[in-house]
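Before anything else, here is the set of structures, which you'll find just below.
Two complexes are shown next, each including chain A; its partner changes from chain B in the first to chain C in the second.
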Partner chain A sequence: MKLVIENISKKYNDKYAVKNLKVELTPGVYGLLGPNGSGKTTLMRIMTDILNPTEGRVILNGEDIKLMGDKYRDILGYLPQNFGVYKNFTAHRFLMYMSALKGLDTSFAQRKVDELLDIVNLKAVSKKKLGTFSGGMKQRIGIAQALLNDPKILILDEPTTGLDPKERIRFRNLISDMSKDKIIIFSTHIVSDIEYISKEVLLLKAGELIEKDSIGNILRNMENKVWSAVVNENMLNELNRNFKVGNIMRSEKGIEVRIISDEKPLPKAIIEAPRLEDLYMYYFEEELTDEQAI
Partner chain B sequence: MKKLPKNFNANSQLIPDNDDKAAEDILRYMQHYTIEFPSEEEIDLTIEVLRQYVPIKNERFTKFCQLISMAAGDITFISKIYWIFCTVIFLVGYFISINLINPYITIMALAPLPTILGIVEIFKGRDSGVLEMELSCKISAAQIMISRILVIGIYSIFMNTALSLALYMFRSNIDLWKLSVLWLTPFTLVSGVSLWIAMKIKGDYTVGSIVSIWSMVILYIYMNKEFVNTIMQLNTAIYMVILSISILMIVLQLKALLNRYNNIFERGNQIEISN
Partner chain C sequence: MSKLFNLLKHELYKIYYKKNVLISLTVFVVILILGTIMPVIHGNKAIEAKNLVKEYYKTGGNVTKLDEIKQEEKDALSNYTNIFRLEENKAYNAENVAGLQKYVNEMKAKNTTGYEYNSKVMNLNMLKKVNVKAKPYYLGLWGNINVISSSMSIVVCLLLLLALGLSGVFSEEYSNGMDALILSSKYGKKTIITAKVLASCIYSSSVALIFGITTILSSILFYGNIDGFDSPIQTLQSYFNSPYHLNLSQVYLLKLLMLFIGILACGLLILMFSSRIRNLLTTFFASFAAILIPSYLAEKMGFEQDILGLINAYGYFIYPGELLTKFSTLNIFGTPVLNIFACGIALIIFSIISIYITKYSFREHQVTN
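Take a look at the complex of A and B:
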């Protein structure tokens, strides 16, 4: 199975949300990493065929997905970034409803819904109305609906938003287990979500693909570019002005700081092994929020 | 077509005097140049690539069948409260008009209510933020809405017809034709207006405003005996004109809905959505 994104561009007025993006995907988990506004959601909508690109095509095994229609939707699972639920539906009923929209046979849907409610740890509350669910529980319902038709292509836009750490690990393991014969595209700005499970990472910046490689290779390219040092307040200000500064930790020794730089930033700086959060800083030049650094 | 001059010589036009031989060689080569006919394999490959772009003939019929089966399935996904509430108000309507109130006014008042209340159900995907998830499924958002309109429309017609027949059978001096015209006209008119408003604002706001306005209209009619008489004696042709305009309005709204829900709006930008 091969999904080819062929020179995709999406333009709103004069601004490109996605620009001339080409990439080939085969079974496995792909982490789509990029800051807000980098075009992740637009790209995912194009891949799910709910948004027309301005230019380009998405091709699955040689067939244009636009022309595949129901055949493509049969093998597609999609979790949008922001979604609502029918508050007066129970979890079970909502999943049965989504199964009907996906054209699943009722008896198959019954079995699948029960199985998925168990997987997303919501079996105990399957008869409760969605209006009473917390954000994390609704997110899990969203994940379950994306898996209803046992999709071969699974597109998940920020799926871990609102999940607690335990649920995130559970979810990552689930995705990892499923990835053998599926193309899973997983957008996030939480780097640890994709660190252990993704076959490759796609780095998106201002609508353009700036890197596509395995995490190991990307990190290898960053060797000798991550430094750490213990500094004082004045020096920290100086570093902030001249370098990309990552994690800052105040301790008894002073301020422990992580710096991303091609050259040695300070005489006393020592080289560190690069991590995925450093990669985020290196490519996106943004300060990590607490959530992103988890 | 422009005529060539009589003394026109292709060779003289193409071959410069100072390089006759080279040009003649090129000309000779071009005259004998042939385009090779593609092999069978190449032709087959081209056909295979193009086959996916050939439109499927029976797509409309398939979509229609899908819509009908979707509508049948949708019955169970429409709120039970909706079904119960509508049935109860029609039963109450029947019991009060069998003895007490003018049955023509009752049926006129009740006729559009299932459609008005059904607006919430029709647009609930859009209003609850489920639309994007629904769009990624086999059944499109527009299809979902149309199928719900179909279900609610059929239910409304069934309830109104049942009430008309019940009143005709169990109450004396009932003109069935007049009764039918008096429910059909407000039913289509108010349905058209409700759809038009619901395309612009949230479903529950639409229901709130239309129910309020309709209640005031009915109250005014009920309190004003002369107006009741005018309505009862109005020429059937006038009802037919109103009915025709209302049907046209519904058709236009359905067309607009089909166009609109190939589109969604996000962060103030209109996003073009596939069919």
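Take a look at the complex of A and C:
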């Protein structure tokens, strides 16, 4: 199975949300990383056929998804970033409705819904109305609906939003277990979500793909660029002005800082092994504000 | 097919299981029942009319006080009995036929052709068929049904019910963010739209049926019998000028059928707005405006005999009494076509267009926020 994003652009007025994006995806988990307004959601909407690109097309195994129509949507699972629910529907009824939309037989859907409610830990509240659910519970219902049709292509837009740490680990493990024969695209700006499960990371900035590689390779490219040092308040201010500063931790020794720099920022700075979090700082330090984002 | 029914079941649940819809439907039934009871309780005219008819049969048609009743009183009593109209109708019809015949002959002599001539001939032929022979009846039930079904307040209630139930069918999906989930699912671009259209039609039909059944059952319950069902409609005050050869039960069924078609068409129009507009309240008001403004314009600008009058097709059918009380045709390229047929065909065409726009709008909807 191969999903090709072929020169996709999406333009709103004179501004590109996604610009000339090309990428080939095969089964495995892909982490889509980028700040707000980098085009992650727009790209995912185009990939789910709910938004037309200005240019380009998405091709699955040589066939344009636009022409595949419901054949494509039949193997698609999607969790949008901000999705609504019917407040007067129970969790069970909502999933049965989504099963009907996905064309599942009622008897099969009953079994699948029960199984998924168990997986997302909502079986006990399956008869409660969604209007009474917390944000995290709604997110878990969203995850369950995306998995109803056992999709071959799973597109998850910020799926871990609202989940507590335990649920996030459960969810990551679930995604990892399923990834053998599926293309899973997982957008987030929480780097730890994709650190251990991604086959590759796609870095998106201002609508353009700036990197696509395995985490290992990307981090290798960052070797000798991550430093740490213990500084005082004055030096910290100076570092903040001149370098990309990551973690800052105040301890008895002073202020321990993590600095991203091509050159040694301070004589006493020592080289550190790069982490995915450093990568985020390296590429996306000047993150767009929500107002600037499309 | 089973997939469609499965989705239809869920769509019906979405429409009906809303507190405001359920409460409104209940209030509507109560209003209809109260509308039936009130004249029975307060309307001694109904009882007076009933007694007059009883006396008529007891005295073998010799009710002396009939002539003593003032015209104003007669008009009020005529809502409940045809006793005053029988002789008047015969005379009025004969006069009308003779007058129209004379007019047609004159036009013929002058070689006048075209819409006006054809329309007069059509009117004449219809009037000739009108049944003017009828027995005196107490028409409490039919009078009541006629009053209720010709009430503008009831029409507004019906429209409110439709708008409450159907404005959100698509608008709510857009506003609560379900559109992304629906459109990315297998049946989210075709079958779901059919299911939503069918669910809306079922809801609209149920509103019309609730109206029809409640009106007839409560009327039978409170007025006792269906006497006068075979009396010509001209014997009822508001239809004395009608050219239609119909009796009271037929006209009730016809009005119900027209209302049914009108409500279905209005429902589909509201659905179309719902598929185009993201905001529920805007959909609600836009739908109202789209039905009531053309109605107002057609009346104020005198489009009744004109092809432009078709813009009021929705209005004519949800307020069906209007079309049946008088001879009314549209000039369709010189040919007179009874308003009732022209508007019916127009509604079917408008409804097909509404369904097409609804389907297109949702299928091509772009999820951008």
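The rule we apply is simple: the second predicted complex is superposed on the first by the 285 of 294 C-alpha atoms of A that agree within 3 Å, B and C clash if a C-alpha of one lies under 4 Å from a C-alpha of the other, contacts with A are read in each partner's own complex, and residues count from 1 in each chain.
Note that in this section a contact is a pair of C-beta atoms (placed from the backbone, for glycine too) under 8 Å apart; a residue touches a chain by one contact, two chains touch by 3 or more.
The structure presented is a predicted model; accordingly, all values stated were derived computationally and were not measured.
> Would chain B and chain C fit next to each other on chain A once aligned, or clash?
Superposition result for chain B and chain C: clash.
> Could you look at A:80 and tell me whether it touches chain B, chain C, both or neither (first, second, both, neither)?
both
> Given the touch rule stated above, what does A:2 touch, chain B (first), chain C (second), both, or neither?
neither
> May I ask you to decide whether A:111 touches chain B, chain C, both, or neither, giving the answer as first, second, both or neither?
Neither partner.
> Go through the superposed model and pick first if A:220 touches only chain B, second if only chain C, both, or neither.
Neither partner.
> Please indicate which partner A:51 is in contact with in the superposed arrangement: first for chain B, second for chain C, both, or neither.
A:51 sits against chain B and chain C alike.
> Give one of first, second, both or neither to describe whether A:66 is in contact with chain B, with chain C, with both, or with none.
first
> Considering 9-17, 81-89 or 117-125, which region of chain C has C-alpha atoms that clash with chain B after the structures are aligned on chain A?
After superposing on chain A, the stretch of chain C hitting chain B is 9-17.
> Would you please give the residues of chain A that touch chain B in one complex and also touch chain C in the other complex?
On chain A, the residues that contact chain B in one structure and chain C in the other are 45, 48-52, 70, 73-74, 76, 78, 80, 82-86, 88, 93, 97-98, 100-103, 145.
> Can you check the complex and tell me which residues of chain B touch chain A?
52-53, 70, 73, 77, 79, 124, 128-130, 132-139, 144, 269, 271-274
> List the residues on chain A that touch chain B in their complex, please.
Touch residues, chain A against chain B: 12, 45, 48-52, 63-64, 66-68, 70, 73-74, 76, 78-80, 82-88, 93, 97-98, 100-103, 142, 145.
> In the complex formed with chain A, which residues of chain C make contact?
Residues 3, 6-7, 10, 13-14, 17-18, 175-190, 192, 366-368.
> Provide the residue numbers of chain A that touch chain C in the complex, in ascending order.
It is residues 45, 48-52, 69-70, 73-74, 76, 78, 80, 82-86, 88, 93, 96-98, 100-103, 106, 145, 149 of chain A that touch chain C.
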